[in-house]
Amino acid sequence: MADLKTNLLGFVMNSPVIGASGTVGYGVEYEELADFSKIGGISGKGLTLHGQYGNKGERLWETPSGLINSIGLQNPGVQHFIDVELNEMLELKQKYGTVAIANLGGHSEEEYVEGAALLSESAVDIVELNISCPNVKVGGMAYGVKAEAAGEVVRMVRAACKKPLMVKLSPQAENIPEMCKAVEAAGADAISLTNTFQACAIDLEKRKPVFNNIFAGLSGPAVRPIALRMVWQAVGAVNIPVVGLGGIATGRDALEFIMAGATAVQVGAANFANPRAMETIADEMAQWMDAHGVKTLEEIRGCARNAE
Amino acid sequence: MRAACCEATVLSHESILPDIRLLRALWPDREHAPHAGQFFTLRAWGADEAPFLSRPISVHKWEPETQTIEFLYQVIGEGTHKIAQLKTGDTFQLTGPMGNGFDIPALAEQYHKIAVVGGGIGTAPMYQVTRELAAAGVKPDVFFGFRDTPYCMEEYRSIANVVKVSTDTGAVGFHGFVTQLYDPADYDAVLICGPTVMMKNAARICAEKGTPCFVSLEKKMACGIGACLGCTCETKGGEGKSVCKNGPVFDATEVFF
Amino acid sequence: MADLKTNLLGFVMNSPVIGASGTVGYGVEYEELADFSKIGGISGKGLTLHGQYGNKGERLWETPSGLINSIGLQNPGVQHFIDVELNEMLELKQKYGTVAIANLGGHSEEEYVEGAALLSESAVDIVELNISCPNVKVGGMAYGVKAEAAGEVVRMVRAACKKPLMVKLSPQAENIPEMCKAVEAAGADAISLTNTFQACAIDLEKRKPVFNNIFAGLSGPAVRPIALRMVWQAVGAVNIPVVGLGGIATGRDALEFIMAGATAVQVGAANFANPRAMETIADEMAQWMDAHGVKTLEEIRGCARNAE
Amino acid sequence: MRAACCEATVLSHESILPDIRLLRALWPDREHAPHAGQFFTLRAWGADEAPFLSRPISVHKWEPETQTIEFLYQVIGEGTHKIAQLKTGDTFQLTGPMGNGFDIPALAEQYHKIAVVGGGIGTAPMYQVTRELAAAGVKPDVFFGFRDTPYCMEEYRSIANVVKVSTDTGAVGFHGFVTQLYDPADYDAVLICGPTVMMKNAARICAEKGTPCFVSLEKKMACGIGACLGCTCETKGGEGKSVCKNGPVFDATEVFF
């Protein structure tokens, strides 16, 4: 049987399949639905220093093979997370070994730093710095576009945070390789990409944009080929691990990212079409590996780059 | 007890009206039995097929002995059209039960005169509600409003005290709004499911009369289990609640303010 | 009956629906399949000064609601086009009124200018300058990313070309509004966007990228929400007409772009799923308009922006 | 005469082998009649459903009197699986005829001893080829290779001179390659459709013996009508040709060099 064990920043995960931030709550919500022993980790819903309600108006919109969301980082705040939700994540970890990842957003550099400092003192395993949320008007996104701005905020967070730091990139980055290099240079331990793609939908009957913010974030299988391209670029640009995501819905999808060089993968929107998507993806990866005589992911990680 | 995700089998599938269907399915998971006001998400198409999201439908009737669940639903768009294609013996992805539902034991203990109010397809969950209330010893009065043609009303006679119907067109029953059928002052509590305007109206009248009112809300849903925050509704406290997890049933004063 | 007549750069088209470059040959290929009287124009296959074979290896790959292509601008060259294919386009124009658009790519500024100068002397109606092809290694793409580079090449082409000039943008542009402003300032008469999205696919069995160039261009309904967002940004950034495209497959899709402010739309990949897509889209637009009492596109063009 | 896009109706749909199907459909467009070696693209699913592209299938048999077209195809992946679901009376999107096909009148006039060679599902177009050749007065010799089980061979007896079969497993007929069944030197022309390696091999032997050889190529196709340049094959001249429009039938020396 193929061994899916995956070492991410020193944590040995049961599989490379991580629940993507914002789609799996803090893990417990899915506990009875999926076999967590096959899930590598959970990235919790994106946090901001202070809790917030998120966006008003429409929050979800279906598109061909995709979903646009405009949640707007609704969350209970970092301290509440540490007091309550983190403990649930750690219980899951104890039971199943799922690595606990805190996803941190922010509206200013100060907020990022303060939130990261709090998480630094918590029992969370990894901090995923979200510099890429397209759904908050101020902040988030700005850092996701310009490499210098991203490097700056990562440097400040790095200084404030002793936890392994994974920086989550936006597909709106002006230049993916430069962005990757900037966050690596600023002290990131890993990179995850991509967050959602800035998108728009118009409600014909109302003759106005579906979302109050006009733009919102597209994800799901529709974006997978673009996300895979960006992951390919990221792996080529840096020496730190790259966690790939964007539209992964099957074991074959996940293996494409692994063959492009990703250390692990995250699964977001696919959880909505199949609540057992994460488990199914891990199973399908193992099946493919078994059928092809591949024993560990090391044997195939990055193999598609050999011809490069 | 959280939700399970199972392959359910269609036992029968009836057309009640051109756009109304009654789907009976075998729910294989005895451990996860639903109660009144809860819902399931249905997916009668592949994970890689449109529509992207599964579709939430309330429990119309649940028979624990036979593990049979009934869904009464309206065919509206792509998702319900695909559900409507299911034939006896077909299987489909069923996830649930989800949501808090109505807390029937607590309601039956606390209140003695209960009005069950439904509008259109919002009557769907009210059958299980009425049954459970009756079983708990509190036969409610039932007031349903429809546009033109009432449906699935037959079985209420034995489990309700009174059953009254209104229609917008006057074709059947009272010609007017369902809210005109009853006076909240006569009741200890009012339970409502229907179009948002109707619920808001009914809740306002209840508030005026000081009668507790519980409403079952609808919001577009992605996960159905409180994980995505796609279905958040505004609440008086301002913090927002997930309709799928903290609801769909709310004290009306919490969500209409 | 709704009137779909659309004025694009002085040409009154039967409908706002234009066949997108590279997907409808030079029009004649589709003549028997679709009712051309409902089609506004045809943008011919992308030309380069000298004819070229295009890319070797896999050229087409299906993805969820999308198609990745790596044609690589196979074309007969500008002069051959003027001598042969343009005449076919003009015959169509004579018969049905479909505006003839020449799509011009290039590998260097000199090539762009030389090609544009030749087209300037031809009988073509509009020149669509493709500064955005992701499938040619040198050129094309480079201009599509940086606003200054784009402005520069547009300025040079503008000087060499008397024809109405529509500049076709890439979704890989670092900044869509800045890009739009740069090409407007450089003399573009209209903007069309988007071209295909740079994407990647990996062949699991071969354990290598599907395409010889590793990356290729994604289009089709999958990308529509992103393309619509960019079109929204473009309309807000410039005062010249914007022609929207990317994943349009139904009349409703086209109307979203019109409500976002697009003057006209182009239809690409959808032609492959339904050879009568262009005609069907025009019919569906008219049906929606009839059902909603909308008599002309002017009544709704840009209407979704009113709340802005 | 270019292609038309029509809704075709299924007249019958047979399983020949577990993965081989024979689909008979009514092609409504009399003006666009196909000939041997041409193909259609089939779409038994919505324009908004996967797979994105329609699937090209050759004309196995065309009966002008009844406007009946037959497709013999192998169920391989998503597209052919969906086509395989079609039932009698169903309609589907059929576009064609596409491609040059074999120029039977010219072939029959120029050549008198013709070998028709097919490999596996590559035999599908060869039935119409053989019929048209026979009708033009040149009954060909037919040589087909299969992996294990030959299919749809019965009707060749009356329209071919000789019919010989080889199988990879030796289960039926000659145990070996189809190229071992005949000597190109005995023929004025060889017409081939089958796996690329097989065609290349056969074409090489023909070239050695100086026998003209025509091959029917396969390439992934998007438009099928020469508009997208997705199906370009390399040619001796270096300019590249569209398999869908300039082919699928080529003089072997043009494409295998």
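List of remarks:
Letters A, B, C and D mark the chains in the order given here, with residues in each chain numbered from 1 onward.
Here, a residue touches a chain if its C-beta (ideal position, glycine included) is under 8 Å from a C-beta of that chain, and two chains touch if they have at least 3 such contacts.
In UniProt terms, the chains line up like this: A, C = Dihydroorotate dehydrogenase; B, D = Oxidoreductase NAD-binding domain protein.
Small disclaimer: the values here were computed from a predicted structure and weren't measured.
More contacting C-beta pairs link the chains of C-D than the other of the two pairs C-D and B-D.
Chain geometry summary: the mean Cα position of subunit C and that of subunit D are 35 Å apart. Spacing of subunit A relative to subunit D, judged by their CA centroids, is 48 angstrom. Chain geometry summary: the mean Cα position of subunit A and that of subunit C are 33 Å apart. Subunit B and subunit D have centres, each the mean of its CA atoms, that are 57 Å apart. Multi-chain contact residues of subunit D, defined as those touching 2 or more other chains: 48, 50. Under the contact definition stated at the top, the residues of subunit A that touch 2 or more other chains are 63-66, 220-221. Taken as a graph of touching chains, this assembly is arranged as a ring, one closed cycle with exactly two partners per chain. Taken together, the chains touch in the following pairs: A-B, A-C, B-D, C-D. Residues 22-25, 29-33, 45, 51, 53-54, 56, 58-60, 62-67, 69, 71, 74, 220-221, 249-250, 269-277 of subunit C are the ones that touch subunit D when the two sit in their complex. Taken together, the subunit D residues at the contact with subunit C in this complex read 1-5, 43, 47-48, 50-54, 93, 95, 220-223, 225-232, 234, 238-240, 245. Partner subunit C is touched in their complex by these residues of subunit A: 63-66, 68, 174-175, 197-202, 204, 207-209, 214-215, 218, 220-226, 228-229, 232, 247, 252, 255-256, 259-260, 288, 300, 303-304, 306-308. Taken in their complex, subunit D has these residues touching subunit B: 48-50.
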